[in-house]
Amino acid sequence: MAFKHKDIIGLQDLTREEIELLLSTAENLKEINSRDIKKVPTLRGKTVVNLFYEASTRTRTSFEIAAKRLSADTINITASTSSVTKGETLSDTARNVLAMKPDIIVMRHSISGAHHYLAKRVSCSVINAGDGAHEHPSQGLLDMLTMRQKYGKLEGLKVAIVGDITHSRVARSDIFGLTKMGANVFLAGPPTMMPPGIERLGNVTVCKDMREAVDGADVVMMLRIQLERQGKTLLPTMKEYSRYFGLNRNLLQLAKKDAMVMHPGPINRGVELNSDVADSDQSHVLKQVENGVAVRMSMLYHVSGGELPTE
Amino acid sequence: MGTENTVILDGVGVKRALTRIAHEVLERNKGVKDLVLVGIRTGGVHLAHELALRLEEIEGEKVGVGAVDITLYRDDIKGHAEHLPVGKTDIPFSIEGKKVVLVDDVLFTGRTIRAAMDAIIDHGRPSCIQLAVLVDRGHRDLPIRADFVGRNVPTSLKENITVAFDAANKPVEVVLEK
Amino acid sequence: MNLLIKGGRVVDPSQNIDETQDLLVVDGTIKELGKGLKAPAGAEVIDAAGLVVTPGLIDMHVHLRDPGLEYKEDIVTGSKAAAAGGFTSVACMPNTKPVNDNKAITSYILTKAKAEALVNVFPVGAITQGSKGENLAEMGELKEAGCVAVSDDGRPVVNAELMRRALEYAKGMGIMVITHSEELALLGEGVMNEGFTATELGLKGIPWAAEDVAVARDVYLAEFTNSPIHIAHISTKGSVRIIKNAKARGVQVTCETAPHYFSLTDEAVRGYETNAKMNPPLREADDVAAIKAGLADGTIDAIATDHAPHHLDEKDVEFNLAMNGIIGLETSLPLSLKLVEDKVLDMKALIEKMAVKPAQILGLDRGTLKAGTPADVTIIDPKAEWVVEADKLASKSKNSPFLGQKMKGVAAYTIVGGKVVFKR
């Protein structure tokens, strides 16, 4: 099994075997992160450009650490410090970045499909660090890795995803990845945040309320709610949202005993997650962050590719 | 064009060679104190376990066995072609100040050994590294030599040497493919 | 110059003709239609055997971008594209820079068209000043200057009271109101049809309700004011139903759709294809089916392209940032002929929607091969196959979702006022 893609734009584009490979590589790379010398020479001499059109310290830092642990050189270009704010087009920015001869561009962009656009126009690899409401493949992979570490497999797991599905790229990557790996996904959220046809994306069930989704779940994935981004017409108040779509200890008891609670972060305490859940043993939020580095190392490793001589 | 296979070492031959290497290792290191074995994935790991069994039989003491995957330390990663899957490096003990015996099945160009030594040194500073191989087939690209050799087999570059293992990862035979 | 078009299949719905006849043009006017006509001395003879001879096609909804946006298109290139597509007349929308909301702009367009355009250009004036939706434009003067209709196309008249008054006032001035019916609050920041494809692509959706709600409002305002109204570029099954019901109860409503709304679904957006981005957006399969049914049962009166040229730089960007609209003049005929091949319409019904009805709606003395009318004639080769290639398009812009696709059917000759302006 080998990985043949130049780019990783979304989990939708990958086969089950390719996802399996990315996850098992990440599992094997984790060891590096617990060494005294947290570095291997694999991508020595390679340049990774982190091109971030949206502020995201977490994802950017995670990609940066991943690249550095593989000995790649990293350059960060963010919207606030680059020509992006001066209204340069993505096409021109890409050309300028290309002049620096990068091997991999890791991009975060607020517009869905921006990575398709970029990948078609550059010869180097493109890794999607989140595009609009479309995909966030590294998050999807680290979520799956975290689940697999606990359950040993993804096949047959009941995963509840709760929150704003419409605007969530995490939800889409989780849905594409998990359903491909044989998990059963159950969605819950306000009807104003449930996009039409979502149940056709895979083995996905839209639940009428949160209890139905959480009932018997192996994993409860809570999505971050961002009222400022998502417009004022979708919800009455955060208070009401947390009452019907927040996770607390009582509600969690509907799930399987010792079910995993996950969240892509950062958490709005008392909104998506009550502290009695967020700080419990069932919360795997920090584990997700830890796995993020290994998963991103795996992505960088596999897109950078290597020709192996026949011995 | 069929391939012609010659058995260089049969099952008994492999066992004898390993037993001899075990004795040589003990002689050189004056016992198993501070001694650890690190096998190179995947054949070297199986052989390292075999060697450890013999050392224990002779000395009555367990010897630590680790595994190193050299994929991340290869010197031939380039282009956009596919990548080999990364195996797990698993060295469940500190190698700081230890005498490390690196174990591989076939010694060829020496590049794998170079990568393995870099990988080991990234885990700490051993007092020394020694190299044990079942077969040395020559054709070195790097200034590397083995301390313990099961069998020296002169080969041509067109030939190939494989060490076969059974389902329990026990070595079965060494075959020269022409 | 005189012209005899011999042996073609003449399809003229205005005279209920569909048979092999000859057509004689003298001094730019249709002289005679009949069998075995003799060419007068010096007349050019066109052998139309195997071809279809129809009244000159009329595209009642194009954007020529002139004045002000000539980097996208201008009256000359737009008219060349029209001629290449078999159109002898186009009606151009007023969203130019400045907006065609006064007789000076109208007269600029007409003067330039008369001097340089290959086809007849009929300007459409604005409903409101600057198309800002605040005050009525000077419709009386616009009509007098030569506008054939008024429209704020590109944006709706948001204020219902203003729309009511526009309909009343335009009726008094004897000018047709063409509406871009859309509820902007429901449009929001949508960039493609709301549905499964948008969900999958993570793109913000435009619900069909954004169109239907506005079509319903405008139809009711026309009914209330007892005024004629023409609804532009309908794309949803709801719009078809609303207009069908309105027609049944006697509302003076007509409407048009564009070839892309019966040729493509929102699936064409996959790959974040900016040349499949337009407003109204491409819809779903059941909408496409309803549009075809609406064409077949006469609910939809006209096929118009909404030819909307945009510069490559305005399309070669991230999907959300791309301009809405596609060019259509040069692909409309083959896409529409497909309706005949698929037996949605017969040839007569098709020509009615591409020539006769547009002329009637805009009050033009065209769209017919009756003796004495201006000799605008399109000769169609319905069997010719060709591939849409950017560098062969006459339009200045190349923003078509059909690039690289095979088409069947093409204009063999486009004749305006008895003069061959395009010949394949």
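For clarity, chains are labelled A, B and C in written order, and residue numbers in each chain start from 1.
The rule is simple: a residue touches a chain if its C-beta (ideal position, glycine included) is under 8 Å from a C-beta of that chain, and two chains touch if they have at least 3 such contacts.
It should be emphasised that the depicted structure is a prediction, and the values quoted were computed from it without experimental measurement.
Chain contact topology: the protein chains form an open path, each linked only to its neighbours in the line. Closest to the protein's overall CA centre, chain by chain, comes A. Rounded to whole angstrom units, the spacing between the C-alpha centres of chain B and chain C is 77. Centre-to-centre spacing of chain A and chain C amounts to 46 Å, using the average Cα coordinate of each chain.
One inter-chain figure worth recording: chain A and chain B are separated by 39 Å, centre to centre, where each centre is the mean of the chain's CA atoms.
Residue positions of chain C with contacts to 2 or more other chains are absent. Looking at chain B, no residue sits in touch with two or more other chains. Residue ranges of chain A in contact with chain B, taken from their complex: 1-4, 6, 21, 24-25, 27-29, 31-32, 35-37, 39-43, 70, 125, 298, 301-309, 311. Those residues of chain B whose C-beta lies close enough to touch chain A in the complex are 69, 71-74, 76-90, 108-109, 118-119, 122-124. Looking at the complex, you find that chain C touches chain A at residues 188, 194-205, 271-272, 313, 316-321.
On chain A, the positions that touch chain C within their shared complex are 12, 89-91, 109, 111-114, 116-117, 131-135, 166, 169, 172, 195-198, 200-201, 231.
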